[in-house]
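Following this message is one structure expressed as structure tokens.
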Amino acid sequence: MSRNSSSGYDRLITVFSPEGRLYQIEYAFKAVKAAGITTVGVRGADSVCIVTQKKVAQGHSQDKLLDPSSVTHMYRVTETIGCVQTGHQADARAQIQRVRQEAAQFRYKYGYDMPPEVLAKRVADMNQVYTQHAGMRPYGVTMMLCGMDDEKGPQLFMCDPAGHYLGYKAVAAGQKDLEAKNMLEKKLKNSPTLSYDETIQMAITVLQSVLSADFKCSDIEVGVVNKDNKGRFRQLDEAEIERHLVAISERD
Amino acid sequence: MSRNSSSGYDRLITVFSPEGRLYQIEYAFKAVKAAGITTVGVRGADSVCIVTQKKVAQGHSQDKLLDPSSVTHMYRVTETIGCVQTGHQADARAQIQRVRQEAAQFRYKYGYDMPPEVLAKRVADMNQVYTQHAGMRPYGVTMMLCGMDDEKGPQLFMCDPAGHYLGYKAVAAGQKDLEAKNMLEKKLKNSPTLSYDETIQMAITVLQSVLSADFKCSDIEVGVVNKDNKGRFRQLDEAEIERHLVAISERD
Amino acid sequence: MSRNSSSGYDRLITVFSPEGRLYQIEYAFKAVKAAGITTVGVRGADSVCIVTQKKVAQGHSQDKLLDPSSVTHMYRVTETIGCVQTGHQADARAQIQRVRQEAAQFRYKYGYDMPPEVLAKRVADMNQVYTQHAGMRPYGVTMMLCGMDDEKGPQLFMCDPAGHYLGYKAVAAGQKDLEAKNMLEKKLKNSPTLSYDETIQMAITVLQSVLSADFKCSDIEVGVVNKDNKGRFRQLDEAEIERHLVAISERD
Amino acid sequence: MSRNSSSGYDRLITVFSPEGRLYQIEYAFKAVKAAGITTVGVRGADSVCIVTQKKVAQGHSQDKLLDPSSVTHMYRVTETIGCVQTGHQADARAQIQRVRQEAAQFRYKYGYDMPPEVLAKRVADMNQVYTQHAGMRPYGVTMMLCGMDDEKGPQLFMCDPAGHYLGYKAVAAGQKDLEAKNMLEKKLKNSPTLSYDETIQMAITVLQSVLSADFKCSDIEVGVVNKDNKGRFRQLDEAEIERHLVAISERD
Amino acid sequence: MSRNSSSGYDRLITVFSPEGRLYQIEYAFKAVKAAGITTVGVRGADSVCIVTQKKVAQGHSQDKLLDPSSVTHMYRVTETIGCVQTGHQADARAQIQRVRQEAAQFRYKYGYDMPPEVLAKRVADMNQVYTQHAGMRPYGVTMMLCGMDDEKGPQLFMCDPAGHYLGYKAVAAGQKDLEAKNMLEKKLKNSPTLSYDETIQMAITVLQSVLSADFKCSDIEVGVVNKDNKGRFRQLDEAEIERHLVAISERD
Amino acid sequence: MSRNSSSGYDRLITVFSPEGRLYQIEYAFKAVKAAGITTVGVRGADSVCIVTQKKVAQGHSQDKLLDPSSVTHMYRVTETIGCVQTGHQADARAQIQRVRQEAAQFRYKYGYDMPPEVLAKRVADMNQVYTQHAGMRPYGVTMMLCGMDDEKGPQLFMCDPAGHYLGYKAVAAGQKDLEAKNMLEKKLKNSPTLSYDETIQMAITVLQSVLSADFKCSDIEVGVVNKDNKGRFRQLDEAEIERHLVAISERD
Amino acid sequence: MSRNSSSGYDRLITVFSPEGRLYQIEYAFKAVKAAGITTVGVRGADSVCIVTQKKVAQGHSQDKLLDPSSVTHMYRVTETIGCVQTGHQADARAQIQRVRQEAAQFRYKYGYDMPPEVLAKRVADMNQVYTQHAGMRPYGVTMMLCGMDDEKGPQLFMCDPAGHYLGYKAVAAGQKDLEAKNMLEKKLKNSPTLSYDETIQMAITVLQSVLSADFKCSDIEVGVVNKDNKGRFRQLDEAEIERHLVAISERD
């Protein structure tokens, strides 16, 4: 689209362009990609795995003196739900805070944990509001949620700045999302049943390929929800990641 | 109309253009079409059927790894009223939430279910407000409502972003609405009395024709309200849809 | 008036142009005409009759599958007062709702029905407010009110988007209002005393002439207030309309 | 003044132009004249008379089917104070409503009727506020007030959109105000003592002259306050007006 | 200053121009002059006198039929403080009202009359607020205050639209303020001790000179505060003014 | 900087320019200088002295009839803290009022006088707020504060429109601040220990030099805080100023 | 980036540019550098040290008469946490005030001191809010926090105007941050274990090098947190700084 045809419609979130578009939302999607991080999520038979790059977003110097423990895009929301935020990290932190509150209030009110889909819907609802009212901009961040539903088993959702949420068997977000999605599609064409280890290694492999990188265990963050572990969300430690990286390189 | 003559009047929802037009509403209608989904509704003698495409709106990659159970544009509002939302899905979800609240409050206050027309009017009223006040944009979504009125029998309404609602014998919304409406008009010229099965198959056939598609049972969502079923709104499961698709292809 | 001389003054409702004009109000009058509906009202000796076209406003496809019972521009406000709304129908519905509330509160507070003129004044007052304050646009609709005043007999008022209301012996609104008013003026030049049937047929005839149409009974809506009927407002059913259409065609 | 030199200063009511002018107020005065109505007020020894044209404001078709009883620019504010509103009639009605409230509250609070000057001051104060605060436009209407002060006798005030009020021996407002004021000045140069009849006929004569019209009794509205009538404000009925018109024509 | 260099900075009261100027305030001063009235104040040994022209502000037709008793720019604030307002009279009235409230509350709270300087400071404070906050314009009026301070004797203050207040031995405001100030300076160069009569006649003489006018007693308003009169503020009646005018002309 | 590169960024206080500048603050500093007043402050061993010109700010006619007692830029804040305001005097008065309130509340709350530095910080904080929020402009005034700290001895602070405050041994503000600061630097290069009289005469001398003026005792205001006087802030009377002026001229 | 491509998107904090950028945040980073101060922080084995230049920000004359005790960019937040603010000092002071409140409330609520990371997160959250809502600008300041975590030992965080916070082994901010970071990276390549003295001298050396300066003990501010000192934050006095400067110069 040429710049001219958008002039004026893209500075006020509350109006449609003559083609029925909401430009600010489209720009927010650009902000997600501009951060330069890629994230991959894969759903296995009894587990879900989300993998992202452990580095600060583009625009910040990739400082070697950074304390690695302070760089994270992966958050635990409840005991059983985890998420990766891809995009503008300051927005991400603001969002995760509200999401945790919502989850805690749900638990308090109803006595059981918020199911992953209900949470994904809630996130999307909050995002939609920012696209319809004047005076605020949408969040420049995409949230990938994983969790275990008591009835439906492992679940993987993605909530975007426009206020949509959708469930996926496997999905990718951020700078190289298209490449990663294509690769996932090919690999999962026959809907194979992925074991716990296969799920994790599938996610890592795809991320490694689209980035043409050779990961060290400190380069990535890996979050999993596993049925065997009572559906708890946990992040793998470096030793576990190392184990999977070795397995991948040996397999190749 | 040339772009020039609208300059300025289309960025503020609250003003009329010199021709008496409200541009933002017209653009919202474009947003409905831009989503790339088509929906068809048909009213039979004792039943109503609404059919829509089960896929994510345009602009989103048509991801093969999507969890199909998370893609839906069809919602139950009350026991006896269902609806399809065509257009910007994030707006759709925000709207359906308010509509369900309204219906629940009505039931609580008056002790019986909100009649379909009252609900359609309420939706239209909420939409009108967004077209007159500053600081908000209209919803980019069209709601097709079906339900059973105790006195008038099966009913089919459509509520648009401008705040109108109208009852129909058969209607279509979204990308190919004009083609679908033309086809419906031809087929229903003689106001035939449609049975439960005929109603459903009419809706599916028309949608299939205008999209030049050959549906699989997972490609569409079908919602029905049927007098025999005490007027309950329910969505057909894949087996039922399959049965109708087979009947249609055999009939041709 | 050339476009240039209005530049800027017509986008903000709250300001006068250098000639002392309020452009938004003028554009709202255009919106009334743009709807493409014409309405005629005639006051007889002991009755008033309002007639309008029963079709959806321009800009909407004139769908043959529309449920005719859901298309109406005529509303009962109280037992004894009815009205036709000509123009932007979503605004019309929002307005009629507020008007009914006002009438109900009046009845509750004072113990008798709101006289037609008081109601017309109230409508005009609400409209004026929308022309003086920032942040809202005027309603794009003209309301024709008919009723029976205990002392003054049958009454016919028209309230416009600018906040004026005026009483009439006969009046027209909408797309062909000028033609209709001219015709009415000629026919009523000698201030004839119209009987109940003459009143209705005068209104229908004029509408039929200016539209160069040959009405079927389902093409129009006819509302009457008649002294014999205790001043109750009621809409004629199709059989009654048919009777008048036949009488008209026989008379010609 | 050329259009260019006002660019920008005349669209925001709250700012002075570089010459220290408030353009919106000047435009509001234009709106008063644009309505095309002229009003004349004359103060006699023991009476005051206000006369205005009984027709709808310019811009409205001068409909012959108008119910003359619904066209009025003259209002009773209290038992003893009447007024004529010249200009934008919808604004006029909004203003008269607030003025009556003020007068009623005064009576309630203090136990006696608001003196005419206090009322005129109150009207001017309300008008001033609209010229200093953002978000509203000034009223496009001039109010001529007449009443009887217990001590000062008959009084005649005029309140304009800028928030001024002034007392007069005789005054005119609206389209032909300058011509009328000139004529009044000439006729009253010697400060004659006008009787009740002379006061009324002076006002009518001047209005008739500047409009080059030959009034019928239904063409004008005449309001008087007379000491003999305990200072009550009342409008003359058609017979009385007729009597004065005859007297005038006979005198010429 | 050329028009170009102010573009934009002069339409929003809350911003400084690149040269550190606040244009709206400068324009408000223009509005003061534009009214076409001149006012003179002189402080004597035991008295203060303020004199102003008794006519309506420019822009209003200098109507000969005006009731002179309704034209005034001089107001009593408290028993002992009077003031003249020069400039936009509608603003003047709004301001005097607030000032009287302040003075009344002070008296109520502290049990003695507000000293003139405290009042002048209060007026200036209210004016300053209008120059710093968005959404309002400054008052287009200058207030000259005179009063008797228990300790400091007669006092004369001037409060301008910018929010300044200053005390003076003699001062002028309005259209011909510069000429009047120059003349006052010359006449008071040797700081003569002015008696009550000299004070009044000095003020009238200066006003008469700069306007090249030959006043009749109805052309001016004269307010005085005199120690002999217990410091009460009062306006001279026509006879008294006449006496002074005669004295002046005899002296020349 | 050329005018072009600031276009737009300098009219809204809340935004940074592309170079990271806040233009409105820079313009406010211009307003300080534009007033045409210069102020000097000097800190001695046991005393502080602030000296400013006793005349009205530029833009006001330097009226010879001004009551000199009403012209002041020097204010006592508490018993022990005084200040001079240089710049837009209406803003100065608004600020001093708030500052006094703060100081009074502090004394009431904590039982001892606000130390000078705490007060300076508070002033700076209030100024910062006006530079970050929309809808207000910064104060166009610089405040020089002097006082005695129980522990640190004599103190001299300056608070500017940007929200900074800094302590000084000697400082200048206003039109000729740079010249004065240079001269002070030279004279105080060797950090001499200034006695009470030396402190005052240093400040007066510097001001006299940069203005190339020969002060009369009524041309300046001199405020001092002296340890011997229990740290009370007081303004010198004309006799005292005269004594210092004589001493200075004799010394030269 | 060329100026043209940002036109309009950079004046309203709440909108994304077409490339997904938030210009106001980028400009705020420029404001941080524009202040002309550089800051360095280094984390040792059991201690953290932050060093900054003790001079006023650029744009202020580097006044030699400044009281050095009033120039500081280093603040104690709690007993155990200190910080340096680099950038617009008026914003810095406003921020430190809110941060101290937060820390005090935490202590009051939970009974123990706020851990450094929690505080860093809180600062970042407050900053994020200023980047999403209309009507405010972001703070033009970067906060470097140092403290001792009970479990993780010494910690060093940096919070920027965009709302990010990150932990570091060593970091720099302000005008010469890139040079300083490069030097730190080289010096710390082998992750040496730094003793208390080495930590301080590393920070000072790096700052001295990038500024090509030869510090006197009054030129810099040095803050440390040391395990031996129970993790208390304290600023070194001039003697201590002198000791380190001597050690550095002797070592070279």
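Note that the chains are named A, B, C, D, E, F and G in the order they appear, and that numbering of residues resets to 1 at the start of each chain.
The working rule: contacts are C-beta pairs under 8 Å (C-beta built on N, C-alpha and C of every residue); 3 or more make two chains touch, one makes a residue touch a chain.
Treat the numbers as computed from the prediction; the structure is a model and nothing was measured.
Participant: Need the graph distance between chain B and chain G over the touch network, please.
Facilitator: When the steps are counted carefully, the minimum from chain B to chain G is 2.
Participant: Could you label the chain B-chain C interface same or different, taking same to mean over half of its residue numbers are used by both chains?
Facilitator: different
Participant: Find the geometric centre of each of chain A and chain C from their Cα atoms only, then give the gap between the two centres in Å, rounded to an integer.
Facilitator: Centres of chain A and chain C (C-alpha means) sit 57 Å apart.
Participant: Please tell me the distance, in whole Å, between the geometric centres of chain C and chain F computed from their C-alpha atoms.
Facilitator: Here chain C and chain F have centroids separated by 71 Å.
Participant: Quick check: what residues of chain B touch more than one other chain, meaning two or more?
Facilitator: Residues 12, 134-135.
Participant: Line, ring, star, complete or other: which one describes how these chains touch?
Facilitator: Drawn as a graph, the chains make one closed cycle, so a ring.
Participant: Could you spell out the chains in ring order, with the walk beginning at chain A and its first step landing on chain G?
Facilitator: A, G, F, E, D, C, B
Participant: Okay, in this complex, where on chain D does chain E touch?
Facilitator: Going by the criterion above, the answer is residues 8-9, 12, 14-22, 43, 117, 121, 124-125, 127-129, 131-135, 152, 155-157, 162-171, 178, 181, 184-185, 188.
Participant: Could you please specify the touching residues of chain F with respect to chain E in the complex?
Facilitator: 3, 6, 10-13, 23-24, 27-34, 56, 60-61, 63-67, 69-71, 88-91, 93-94, 97, 134-140
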